[in-house]
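Dropping the structures in below, format is structure tokens.
The two complexes that follow have chain A in common; it is paired with chain B in the first and with chain C in the second.
Let's look at the complex of A and B:
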């Protein structure tokens, strides 16, 4: 089966499938970036809720992270996708927007973001707790508003502690995009399956898709290393 | 008319759950006063100091800065600040120096010193940097502008922390055992900076275990014991002729 691999099948233009694969790849990257960013926002809110919230808020955050961690991601995604879009559509109809349909990319980002948010909450909570209390008190003692304390001290000071865990989450985000193939989202994995099925060149296309995922990982690893070095400047300076 | 006290504490009480740590403190610092607060471990010195900028919320009593009292309101959890903006505004006029320095590790020395002027007080960056260079020069760190806190010795970090406070030109400075975390050979450099500030008549409240230093720079000494001011007066009287037996014992134990 290895003797006649026809690389022209990877050509960008039809009848080659390269273009479709690349488009799927870009979709995957969009999903991963969007979902990851949303996950960070949810994670910051979740971490603050757990650390500083009142009882009710804290419990809500607790339930959220527990569900995210306990239920398989695929199930969560199906749940968020079908139940979520259904609720959104019904809600919009109730408000008088008929024919409203949440678009696929937004839905995918929401779904990945909600899952990522649960894990990010835990990572960021730990990172914030690792900041010596006095650094935050110093900011408060100088009259910083809570928002300024958050953006000028808490977030930058926790970043070095959060980075290993958050780098991990980024890797998971890129791979979670493949799960969206199940709900018919034409990201890289689904595009690959279609190409492979149409041409029966399974090895070629899945190999190509693997190479794309790997490239993404390698590139983002380099980026994360640079960012980590930068965020740790003040901490590693001593040694 | 007498001069308005820079800091005035009246009937200050503070309890942590069951434990009453401050049991009615009255204290005043007039402009130019250097009030040294001494007392045994656990007597409430830090708690009192932290109540002045509301890092701890008093259980009772009033605290006024330059004649303006913190607005407080009763809640089921006890007193709470009623006006967050007022608290922030007053805090920005009080510079606190901590035992553990508490510099922000993700900013350089210069970044630490310009942080509050630029991001809280809205001073233009170049102006704030010029001022930062000035105050860092004064504390002997003019050559360390671009260093990270982790690269400094404890004494240098504490001097940077003092510069960070000087950069906002506070109405009064609050020191909580500024030399207690330092190796003995580094204590002198920090004390000499504080001595300079005292000599230029900066208002300060200084919690310290350095008795000789307190006697030297203070205009007024307060001896705290079990949450009360047991004795207070000019340094020569407190250290030279203490009345309370507890104070006598305390002084001989630390001397």
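Let's look at the complex of A and C:
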């Protein structure tokens, strides 16, 4: 069985599917990076809303994270995708454009970012709470504006506390991009399935895709570990 | 840093505690929010098209049953499988340790969807090529989709849980094991009486979260044609051309499921004494 595997199917040029796979891989990385970045932005807003917001905002943030954590990502992605494209379409039609179609990459990033944001909110909230209160009060006493306190004190000081959780979220983001295959995004998993279905070489292509995902995970794991070590300079091990 | 703002009150009797937590929950703004939510829900029920619901109800129940079955069986089997994985990583001989570690890394490093498709499309078609397998009793099962879905869910749960159990095994304080050895227990008895129960005990608090995560992974089996809850909803969407109603219904059902599971798991957790 295995001696019949034809590695030339993985060639980069037309008869081989390697090019399509790599393109899908690139798409997956783009989706993961974009969604992760959006998730961090949402997470910072959500964490600040939970910690400093008024009662209504705090409860709304709570509802958001609760829904994100209780409903399967696949269902959320479908819902966000349809609601998002529908709203965008209606908005554009109201503005006079017709036949507007939302860009696939943007939609995918939005969908992943919204899901990531819910988890990031929880991670960042814990990290911000781990900052000694006095540091933030000192910054306020210096007359810094709330935004400056955020960028100069809160965000840098919470980074080492947030990194383990955020590293975990990055792993989840890379794997969640695969779910977009179900909606029909041409990222790595869908490209793999198409290649495998066309050539009937399921093992070859699925293992190749698995190797790509695993490489991404291991490389970013090493990078994140280095970054965490750097960010934790000067902190005692126990904290 | 001691937090002087928080004064821990004495625990009152449980009934009045419940009453107080209820009054603490229903602050004025929350009452308004709940009313707004109820109004939105009522509007959804009135204005949206729910006529498909009664006709699909039996199938939805069936789908829910399959979802729950997938969850429970994969969690139980996965947990059983996670123990040897963790033990091999902690005390196993080097090749075994290496094998268990790479298994966990590979499963945790690749998407579950990819694994599921590999097993269903790849393994499924490969097994069909051997007449020896086609002859056996297992073939009628292996021709269906659910064994592959269950298998990949189980493997994935085992890998994640194995990693947690590994941490739990290494986290058991050395002194407890040394005390057991000092009592003259053999290594096997130390493991059976102290190390293993203490490790499971330490891993229990995270188990609830893992089970919720597993619940959220179950709809993936719909992509390989297992008719779980999600698959039934997909069918509804294809039949009725409705976009939002079935999806919103699905979100509501999963919210309820997660809520019930969380309460249930928290109750079970509270039954276990948490001596550190």
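Criterion: the second predicted complex is superposed on the first by the 235 of 239 C-alpha atoms of A that agree within 3 Å, B and C clash if a C-alpha of one lies under 4 Å from a C-alpha of the other, contacts with A are read in each partner's own complex, and residues count from 1 in each chain.
Following the convention adopted for this analysis, contacts are C-beta pairs under 8 Å (C-beta built on N, C-alpha and C of every residue); 3 or more make two chains touch, one makes a residue touch a chain.
Not measured: the values here are computed from a predicted model.
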Chain B versus chain C as contact partner of A:153, first or second or both or neither: first
Broader residue contact with chain A after superposition on the shared chain, chain B or chain C: C
Contacts of A:234 with chain B and chain C, given as first, second, both or neither: first
Partner chain in contact with A:209 - chain B first, chain C second, else both or neither: second
First (chain B), second (chain C), both or neither touched by A:198: neither
Which superposed partner A:142 touches (first chain B, second chain C, both, neither): first
Partner chain in contact with A:78 - chain B first, chain C second, else both or neither: second
Chain B versus chain C as contact partner of A:132, first or second or both or neither: both
Touching partner for A:69 - first (chain B), second (chain C), both, neither: second
Intersection of the chain A residues that touch chain B with those that touch chain C: 132
Chain B-touching residues of chain A, taken from the complex the two chains share: 132, 134-135, 137-145, 148, 152-153, 156-157, 159-160, 231, 233-238
Chain A partner contacts - residues on chain B that touch it in the complex: 53, 55, 84, 87-96, 98, 100-108, 115-116, 119-120, 147-151, 168
Chain A residues within the chain C interface of the complex: 1, 55-56, 59, 67, 69-76, 78-79, 82-83, 86, 132-133, 171, 175-179, 181-182, 189, 192-193, 196-197, 200, 202-203, 206-207, 209-210, 213-214, 217-218
Chain C residues within the chain A interface of the complex: 1, 27, 29-30, 33, 105-106, 108-115, 117-118, 121-122, 125-126, 129, 212, 215-220, 223, 230, 243-244, 247-248, 250-251, 254-255, 258-259
